[in-house]
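Same chain, two partners: subunit A is paired with subunit B first, then with subunit C.
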Partner chain A sequence: MIKLLIVDDSSIMRRTIERNLGHYNLEIVGTAATGVEALELVKEKKPDIITLDITMPEMDGITCLVEIMKIHPQAKVMIITALSDKLTGLQALDKGARGFLYKPVNSMALSKAFDKLLKHKSSDGTEKRGV
Partner chain B sequence: MKSLHNLPIKAKFGIVIIPLIMIIIFFDIFQIKHHYYDYQDSNRLNKAIVLGVEINHVVHEIQKERGITSGILTTNSSIDKFKEELVTQRKRTDSTLTAYLNELKEKNSQDLLKLHRRDIDKLNDQFGKLQELRKAVDRNSINTDQAIEAYAEINSIALLAVNELIKETRDKQVTQQVHAMIYFLESKELASIERAIGTQLFSLQDRREDLVRRFASLVAEQEAYMKSFLIISDSESESYYNNIVEGKEVEEVVRLREVILSRSNQEENPNYWYKVITGKINSLKKVEDYLAETIHLQTEIIASKAKVGLWGFLVLDILIGVIALLITWTIAVNLLGNVKKLEDFTRKLSSGDLSQKIDIESNDEIGQYANTFNKMVETVNISQKETQEARDKATEMYENTYKQSEVILENVQQGIFLLDPSFKISNQYSKAMEVIFDNQSIANENFSNFMRPLVIPRDLEALEMFMRHLFNEDMDEEVVNQLNPVEQVKIFTDQDGIINTKYVRILFSRVIRDSEIQNILVTVSDETESVLLQQHIEDAEANKKIETEQLLSILKIDPSLLRGFLFNSRKGLRSISEEFERNGDNDMGDLLTFTFQAIHNIKGNASLIGLQLVTDKLHKIEETITSMKQKNVTGNDFLSLLFEIDELDKVLVYMSELLRKVADIYKNFPTTGHVVSNILVIDSLEKGLHRISKEIGKEVNFDFENDKNIVIPDNYITPFKDVMIQLIRNSLSHGIEPRHDRLALNKIEKGNISITLDQEEENEMTIIYFDDGEGIDLKKIQESAISKGIIAHKLNDKDKIIDLLFHSGFSTANQIDEYAGRGEGLGLVKSIIEEHDGQFTINSEHKKFFEMVIKFPLKGDIEISNEV
Partner chain C sequence: MERRKEEFEATCKLFIDSVSNYFKVLTEVNSEMGIPYLKESEEIVLKDFTGMIGISGSKKGFVYISADKTMFEDLINIFLGIEDASNADILDMAGEISNVVAGNVRANLGANFMISVPIVFKGKPEELQFPKNVSIYVIPLKWKKHKAFVVVGLE
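After this line comes the complex of A and B, so read on.
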């Protein structure tokens, strides 16, 4: 069972993910509206996948991402944001994010992004994309 | 060790062979030496034996001399025969001595002398003593015993010398023979002493017991030596001895020995003893000679054998050596030659010369190598030929492809190039790049440096980050590409000092080879045109929206009303420019006032018929004029005003065009135009009234009365409407009181405005405008007029006071807004009426009502005017 943490201040995200990713055998281990909450949950639940919003009150997404990577570097973080600023997105990749989606997300984009995230086993190299 | 490995083969050969040759030579020398020693040995032994034989001869003669001497001494020279014999014997001894000395002088005896110097010297010394001994014998100064001892001494030394001389041999058989002979000689010497002592014993009258005992031991010793000789000598010597030493003399010696030992010798003659024992000793001498001869023969055989062996060995050795050297030489030369050939050949091969063949006539490994090499060269030649063909083909294909890609890169509209992992732009890029970026130096530039002057720093930072992620294998290409910061980017290129703004789309895609990101393929397209087109479309859409709005507003308005509005408006605007021309720059104030009035009039009409866009524009112009009134205006200040007016005129022209189109539609579907116009004009007046009243916040009932169904002719519709609008505006602004004021005056809450059409005479039309508002406050009008400097002092005539209302610039409203307060309204009314040859009267009661009765003359038939 893949453990998923949703860090977003809107409940719509959660519903969207639940509705569209039912067949992935996902367990949503928590939702957090702020970076501080998110870090608590990461510490406690060690989720495999984290969806992360960039614009959040108190602690912004990039700072939160850096902290998550410190606590739980194996986590695959997918940025889901309404922010159209590319530099911020690239900075997120720099800090260790593995996926990126623009809001509003549709089911197709979401499925595709999750497929990639699950297939591409990050740096342990068990499965690499073919040529 | 390594330097050993690095030696050339020749040297290696040398290192292997030279020690071998050395060993062989060493061994050879050893062998030769051995053979030579054998030869020398046997030669020397030969000599030694010859010399030994000579010495033996001397010894033999001395033995005889001793025997005779012993006889003479014992018998006191009584027997002359002995004396004679002694002289003869001495001569014989001397002659053998001479022979010995001669032999000693022989040249080839020198080696022997060197080796046995001591023995020979000693011997010669002993031989030297012989003369002295003889003298002592002759003088009789010596007794028999002493003489025998002295002779025995000499012989003993001689035998010792012989012994020394001949015992030195390495041949076993010879050694045995030599030993046998030495025993024999010892025995013979003892036999000789036996002879001497026997002679003495037989000669003596008195028995000398000591001599007998000596004799007995001599015999025993002699027999022991002889036994030893017989044991170790070979069988031939033994049988020779047995054959020679026998007979009567030997038996007699045995008998006489018995006589002596039995001490019964008195009857026996010493000469007889001497004779028989000498016979025996001579036999022994024969055996001795035989033995010497045998040994001599044997050593000679050995010597010659050694000689043959030496020479044979030398010859064979040299022969084998030469053959071996020849073979080695041949093999080495062949081998080294072949190796050299192979080396030359492989050197040529390595330098790329494949035309050669190697020719080695041998089936050894090198020959096989050569064959292999030849086959290899052949194969290489074939495959090289094939390779060359393939290469030619590939070159041709490459050139074709290259040309094709060149053509593509020359002509493609997109910028195309490759980025390497250090973000360097490839050598090859499409020609369009230079056009898009107005830049010639592109190849090998760092792409982020290249973009630096073209984009804002934030985009550049993002681009660098983006490219880094593109080259990161762990990052999904699609994910990264979502964040392309230059997907559409505005760039600023500098072309001959002119800054161009362009919109470009830059797309990136990974080029993967062998599972690795080799390059990034970048395509650049200039989207300036489409972006500008997009903007254009957006602008056009905004314009269209305005136009539609205008069109819709036009459609909502009665065409004849609109036509009238447009006609009058344009006329009004024209009048402004005419006034400008006429008045020049004499009185700016008047000019401004005139302009304001004209604009205000148009605004009123526009607002009334609901042309919001035009109303807004007019209001803006009014504001400009008002602000101009505040300061000292110059001719230049009018320019912007005139420009605004011109802009407005354009809008009006445009609307006229639209209207014409609409009119065309109306013409195609004709109605009794003026009736419709009448209805529409009243409708629009009512609408306008309600709109304004609502905005001002005063509730008003509108009443239109037309009991006689009068139709306002087209030529009066506009003035009618213009006048009514001004009056309505006036009523709403000034006439109708606010609600609480009305209630205080016992008026009904809502105000009333009515328009009544009447026709009292055939050629006249009457319009009665009425409101139940405040009416005219004559006192306030006078005060206002005085304060504005319109009149100097109070007027008495009521009509004249009312006339003040129509004075331009007069307004009693405290606030200026769209609907009132500029004091132009009634002035305009008056001028419109008068323009159309109309008349008017005003009836009013302060705080009760206001009424205006307008009369227009009617002439001829009603017609639809097309004039706009």
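After this line comes the complex of A and C, so read on.
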């Protein structure tokens, strides 16, 4: 099963993401409210996918992303942030994020982004879900 | 002076658009924005719960969204399907909506428009004071049956 870590300083957002992804074959291995908490969980749980907010106390999401890429570069990180300027998006992709979503995110947009993240082509050209 | 007023009003318009987008995207119910007014008295415009964001960088000031408990409860019910939200959830909701509204303004103002993590509070804290050198616009907001305020203070 695909392991998911949800990182957002808002408890409402963490639970909303969890609720909206309930129909995927995902195991939620943890949730974190800060970048520091997230790094501990990444080391311990080695999640396949991480949703990552940017504006958080203690350690912001971009700094956290850089650290995640050092300790677990296989992780697919999807940034979910309210910071809707282009520079932040480009910066996140440059640091290793695989996806980027601007809040407010509804369930349809989240599912579409996850479909894209989970879907990849196998060597025979057929599409598969997985990581 | 006139130019600064126009610039300030243009920034307020960005916040109005951001609030409207929030409710439209997440609830599929449009919000109605009232006519903004410049706050001139010492009156502090606050409702039950408030989420406030500090602004620094290219502009300096704050924005907050203040609403009655029932509006945040209604939003939480839509997002999570729960009817008995705790005060911690209400405060979290107030912080999250203010974060999204302020963060979305960066689409127009760019990354130098920097925002803090949300500061959230219930009621009217005695220690709450606004800086003297900011102009404060109050934007009344109605979503469903709920009335709220978006308050923008900028130097």
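Going forward, the second predicted complex is superposed on the first by the 119 of 131 C-alpha atoms of A that agree within 3 Å, B and C clash if a C-alpha of one lies under 4 Å from a C-alpha of the other, contacts with A are read in each partner's own complex, and residues count from 1 in each chain.
Quick note on the criterion: a contact is a pair of C-beta atoms (placed from the backbone, for glycine too) under 8 Å apart; a residue touches a chain by one contact, two chains touch by 3 or more.
On a predicted model such as this, the values are computed, not experimentally measured, just so you know.
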Touched partner set for A:11, first subunit B, second subunit C, both or neither: second
Which superposed partner A:116 touches (first subunit B, second subunit C, both, neither): first
First (subunit B), second (subunit C), both or neither touched by A:84: second
First, second, both or neither for A:57, with subunit B first and subunit C second: second
First (subunit B), second (subunit C), both or neither touched by A:102: both
Touching partner for A:31 - first (subunit B), second (subunit C), both, neither: neither
Touching both subunit C and subunit B, counted on subunit A across the two superposed complexes: 87, 102
In the complex with subunit A, residue positions of subunit B that touch it: 458-459, 461-462, 465-466, 469, 473-476, 478-480, 482-485, 512-515
Residues on subunit C engaged by subunit A in the complex (per definition of touch): 21-22, 25-26, 76, 79-81, 88-89, 92-93, 95-96, 99-104, 106-107, 109-111, 113, 115, 117
Touch list for subunit A against partner subunit C, complex: 9-13, 15-16, 19, 55-57, 81-85, 87-88, 102-106
Sites on subunit A touched by subunit B in the complex: 86-87, 89-91, 93-94, 98-102, 113, 116, 120, 122-123, 128-131
